[in-house]
Amino acid sequence: MTDDTTLDGYRIAEEPTYHADGDEVAFYDAAYAARLPVMLKGPTGCGKTRFVEHMAWRLGRPLITVSCHEDMTASDLVGRYLLGRDGTHWQDGPLTMAVRYGAICYLDEIVEARQDTTVIIHALTDNRRILPLEKKGELVQAHPDFQLVISYNPGYQSVLKDLKESTKQRFCAMDFGYPDPAIEAAIVAAQAGIAEDQARRLVQIAGKSRNLRGQGLDEGASTRMLIHAGRLMGAGLDLRQACQLALITPITDDADMRLALSAAVDACV
Amino acid sequence: MTDDTTLDGYRIAEEPTYHADGDEVAFYDAAYAARLPVMLKGPTGCGKTRFVEHMAWRLGRPLITVSCHEDMTASDLVGRYLLGRDGTHWQDGPLTMAVRYGAICYLDEIVEARQDTTVIIHALTDNRRILPLEKKGELVQAHPDFQLVISYNPGYQSVLKDLKESTKQRFCAMDFGYPDPAIEAAIVAAQAGIAEDQARRLVQIAGKSRNLRGQGLDEGASTRMLIHAGRLMGAGLDLRQACQLALITPITDDADMRLALSAAVDACV
Amino acid sequence: MTDDTTLDGYRIAEEPTYHADGDEVAFYDAAYAARLPVMLKGPTGCGKTRFVEHMAWRLGRPLITVSCHEDMTASDLVGRYLLGRDGTHWQDGPLTMAVRYGAICYLDEIVEARQDTTVIIHALTDNRRILPLEKKGELVQAHPDFQLVISYNPGYQSVLKDLKESTKQRFCAMDFGYPDPAIEAAIVAAQAGIAEDQARRLVQIAGKSRNLRGQGLDEGASTRMLIHAGRLMGAGLDLRQACQLALITPITDDADMRLALSAAVDACV
Amino acid sequence: MTDDTTLDGYRIAEEPTYHADGDEVAFYDAAYAARLPVMLKGPTGCGKTRFVEHMAWRLGRPLITVSCHEDMTASDLVGRYLLGRDGTHWQDGPLTMAVRYGAICYLDEIVEARQDTTVIIHALTDNRRILPLEKKGELVQAHPDFQLVISYNPGYQSVLKDLKESTKQRFCAMDFGYPDPAIEAAIVAAQAGIAEDQARRLVQIAGKSRNLRGQGLDEGASTRMLIHAGRLMGAGLDLRQACQLALITPITDDADMRLALSAAVDACV
Amino acid sequence: MTDDTTLDGYRIAEEPTYHADGDEVAFYDAAYAARLPVMLKGPTGCGKTRFVEHMAWRLGRPLITVSCHEDMTASDLVGRYLLGRDGTHWQDGPLTMAVRYGAICYLDEIVEARQDTTVIIHALTDNRRILPLEKKGELVQAHPDFQLVISYNPGYQSVLKDLKESTKQRFCAMDFGYPDPAIEAAIVAAQAGIAEDQARRLVQIAGKSRNLRGQGLDEGASTRMLIHAGRLMGAGLDLRQACQLALITPITDDADMRLALSAAVDACV
Amino acid sequence: MTDDTTLDGYRIAEEPTYHADGDEVAFYDAAYAARLPVMLKGPTGCGKTRFVEHMAWRLGRPLITVSCHEDMTASDLVGRYLLGRDGTHWQDGPLTMAVRYGAICYLDEIVEARQDTTVIIHALTDNRRILPLEKKGELVQAHPDFQLVISYNPGYQSVLKDLKESTKQRFCAMDFGYPDPAIEAAIVAAQAGIAEDQARRLVQIAGKSRNLRGQGLDEGASTRMLIHAGRLMGAGLDLRQACQLALITPITDDADMRLALSAAVDACV
């Protein structure tokens, strides 16, 4: 069975820009060569999703991304019977499609999902590489090109909601953080379509905001938020207005913290 | 595919009156120009819904509004299979309609919804701008005119029920409060169809009621409640009766607080 | 579309007796004239339901009453798809029928319902006056005669189960209590079909029982219980027997409280 | 519509023996004459169910009994749509059958049921006497002969699980307890088919067991348990053996309590 | 209607070995003669299930056994509608089959089941002997040969999960424990097919293990575990190996407790 | 009925490498000879699954493996009715297939499953060896070759989630741990395709990591993780990189613990 048409909608046509910040590409290449499952660790909006898109493009593989959530069940991943004119027929879920036809399957924030979704991947992540479709009574042997990738934000997990040790141990893991300032400014300039010096000022502000983490802020401004601010500047707002809208008001309602962030902006104008 | 007919029921034919009280229109224009998702922050009944209606009218876009609640699931937003004469067929939910045909989608009090509804919007609010219909196996690329707007009342959120940091960071945010007294009086007079000086007296009473917030009242009288009182006066009640019915009895059962509010009314007759 | 036949079963043919005890009729008239939603506040069995019936009769509008409960969902109010010979077809719920054809809809003890039922009414209770049938993809614009009424017992609400502030603020509110003794005696005499002096004795007993509220009784005897006692007397029991059956045994199992209530009865024989 | 055939299975052909122990028959007659709902209060196994059977027989009315439980929903009482060859059709539940065709409906231990079942009876227990079938969109006006009866064990209710005050107030209430010793002995002798003096000994033992209530026993031996013991004696066991099997081993595993109960038996041999 | 064929699969063809250890057979005979429901009390694996099988064989009645669990609902016992070619049809559950055709129904560990399953048996366990199939609208009068038996492990019940007093009082109860050593050795020898002296050594070891109950062990070795050990010896393991596999490793992971149990084994080799 | 074709997909064609580390093969042989159910106890990734695969191959039996999880119900194991063109038809679940046609059924981490799944196996694990399909009304007598195996990780169980004593007592149990260093190095070399001395270094590192268990690590590196590291070395990474990716980043985010583990790696380069 060829995977050429089924997964066509999941192929990445153009190279997603990605500015490497270490050995992550070589590491991922090795893990994919060994077809080992990979876990990407790092905070919100630092570029994990973009990295997977870049690697899928680089390796010429289709990419199926699933944002996990509290009410997601194994059936949402694996598939289910639907009722049609002639009774029920089976419909593959996104994970089954990836397993069957050879895509990279990216489960974003898998910790959010219900436990049955994390157990369903066990037989896929050891030497068996099979996906049991229990409701259908089928064992799907993974396509040679299939790989599983998950993301994980260590800052978020609580005791009640964490990956089981027996799940963690099945993955190779790579750390991600915010990029080096020069690289981050290049990313922001490129993706928001603004001048490099404007982007550098946004990165400076982000740095100050990240230092406030844990002192009243849950997280500092992410690269994504800087791109938002840059795009608002492209749409005609000045730096102060753009930072107010994109970097300050979204993340805090505390008056003191807002003052501190505004001062950080003023210092960079 | 044209959106001219599908969303016709969601177009706003007449200009919704809106009295701007700052830069909010310019800010929103920039966010829409950059197609960034927007979060409106502020208390109940201060005009957030009306502002979105005004902007949708101004931008000539259809508006699909969804009031979120505790039992709302991702399917309620995205769509579901219905069983018909020839088996199941898919029916787009309100969010999918907006994404597909290019409306502004306004999710009111999204924090109330179950978590799967907040995660479903992740891929819509980053550079991908896609809505995965997992149950249907379809990736909907957002229409160029689509925009997502949510509302958020900072005074209400508890630790247990708040937006995830990774959701907040995806939005530009704007603060809303009760309007300036002169503007509020104009709004009340216009919408309740009463004289300006009557409206001013209602705004004065509202001011006193808002000062009692946190001293026994959860919230003061909102602009909406003043319009209610005004309309009751238009239906023949006097100021005291109208305030009793619309401003006092609904929000408190505490005898002292009722006395304080009645005294505030008496002082303005 | 005419509402003459659909709601025929909900029209009130004969005038429900109601003894006004203040301005409540004028207040309600004004709220209905302005088509504002109304909240009736007061204890169990004091006549709130009868008042709505009376007003619906007076205004010549059909009345659809729904007793809310913990397991009631938005679908129970709004409607649902039913499976028929030719696939699913939509069936309007009681609220949708009222909205579409112009009835007064009375949601009794709405606080008991699940939160999705209270949010569903938001767009009905502001200037939009629309009911979104999300599952059907229809926006129902309220009939000009439609009005929403809810009841609320302030003595019952706990922190966990109360109307949200953003719901309360959408309603005009009116307080109800037990009627004035002379009026209450007239009501009991009329509805139980007993002599006025017997009714007066029952009202006297009720007064004593209401004074015990908070000293071991959750609530005193309601007007409805007095009518029950009166009807038992009409069926041949004497005052002591009737009060035992209808006023004392139902509300307490505490021996001291029963003695106190029996003494109150003896004092009125 | 006649009720002669539908409820035939619920008619009581032979008189259920019942030994009156006070005014309960006269009280019930009056409540039925006034068609008021009745609540029977008392401990397990003291004869409440038998009393209702007796009264239904006496009044010549069919009796529909429902044992309520934690997972019972309103649909279990009221009815539901079933899927047949030609789509769904409605099936009346036991309460609807009673309301429609004029039976006495006895809801045993209604406190155990989910709250929607207790609210469903509200409109049946005030002057409206209607049962709204919300899912079917039908208002069933109660048959003139219909009456609602519930049982309630005051010793069992916890704060979390009790009838709402607004439910209690809708019922006339009657207390039940274990019968007078002479009457109880007659009941046991008659129903177990043993000699009066054997029955008297069992009643003596029960008295001692009831005195231990609250001192390590949740409840003493009920009349039903005495009948069980009597029937075991009829099947060949001696008094000690029968009491062991029917009165002691079922209700306690505490060694001291078992000794105390055995001693009570020995004293009566 | 004859029960000869429907329940054929539930008839016990060969006598299940049972070694009586007291009056239990006579007691059960009397309870069955009076058709009273029976509760078997005792620890895991002491032979309660085998006793019921023996009695069913002795009385020539079919036996339907149901292992209860937390997710079991009344429908699992009573039956449900299934969807077939011509719409839904009713399928009797195991309890209904027993009631209708006259089997002994044994509900093993009924306390584990949801409460609706325990209430469903109420009308079966008093003088009515009926099973109401509420969903089907049928009252099944119990076959004259029907009897209900339940098991109950007093050591397991918590405050949260126990039989209601009103359920316990409906049953005759019999205590079970581990058999007398000589009898237990005979049972083990017979069922595992080993020599009597080997069986005696296993019983000795079990005695020591049972003495450790409450000192770090939840329960000692049951008769069933001794039979397992015996069968492993029959398959070639020596006493130490068999006890390790069947008596020690399954019940504790505590190093000290394992040492104590191993020493107990060594002392009996 | 022959089992030759139904279970063909579950036969193990090639011998799964397994390095015995004690008497486990002989023990398992005896338990299988006596057809006793077996429980494999031990930490994640130490080879329990591989051992069962080896034994199934050795005994020439098909193997059906089910990874249990929190949302797994009895129906997922036993089977369910599916709706087809001609109404519902029954589909055997994995356990039923094993029972009916004579496979070894391996329930991995059964403690994770809901309780109804653990009770369903009770009648399979005593002398009856039957599986009741309650929903289908069928009693499946186990095929003579059928055996049940479960895994259990003693380090994971909490008070809330543990096997019931009455379940544990039904199994023979065997302990598993990480293999002896020489054996483990041979396994890693063979399965990762690297040189023995490289494998020995990985085993050395694992030893140090296992010593940190309980001092900040939940579990040390498992054999599976060593194989992952080995395969990454095969894909071109050096020892430090491979250990970082496969042994350190996946299991801890603690900076000190990461330093300690890196130092352990450095000491073995």
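To keep things simple, chains are lettered A, B, C, D, E and F as they appear, and every chain counts its residues starting from 1.
In this section, contacts are C-beta pairs under 8 Å (C-beta built on N, C-alpha and C of every residue); 3 or more make two chains touch, one makes a residue touch a chain.
Keep in mind the model is a prediction, meaning the values are calculated, not measured.
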Applying the touch definition from the top, give me the chains sitting in contact with each of chain A and chain D. none
Quick check for the class: compute each chain's Cα centroid; which one is farthest from the centroid of chain E? B
Counting only C-alpha atoms to place each centre, which chain is farthest from chain A? D
Report the inter-centroid distance (CA atoms only) between chain A and chain C in whole Å. 53
Report the inter-centroid distance (CA atoms only) between chain D and chain E in whole Å. 30
Residues of chain D that contact two or more other chains, please. 83, 86
Determine the shape of the graph in which chains are vertices and touching pairs are edges (line, ring, star, complete, other). ring
Can you list the ring's chains in order, from chain E toward chain F? E, F, A, B, C, D
Using the touch definition up top, name the residues of chain D that touch chain E in the complex. 9-10, 44-45, 49, 65-72, 76, 82-86, 91-94, 97, 108-109, 112, 153, 156, 191, 218-219, 221-222, 224-225, 227-228, 231-232, 234-237, 241-242, 245-246, 249-251, 253
As the complex stands, chain C meets chain B at residues 23, 26-27, 29-31, 33-34, 36, 39, 41, 73-74, 81, 83, 86-88, 114-116, 118-120, 122-123, 126-127, 132, 134-135, 137, 139, 154, 165-166, 168-175
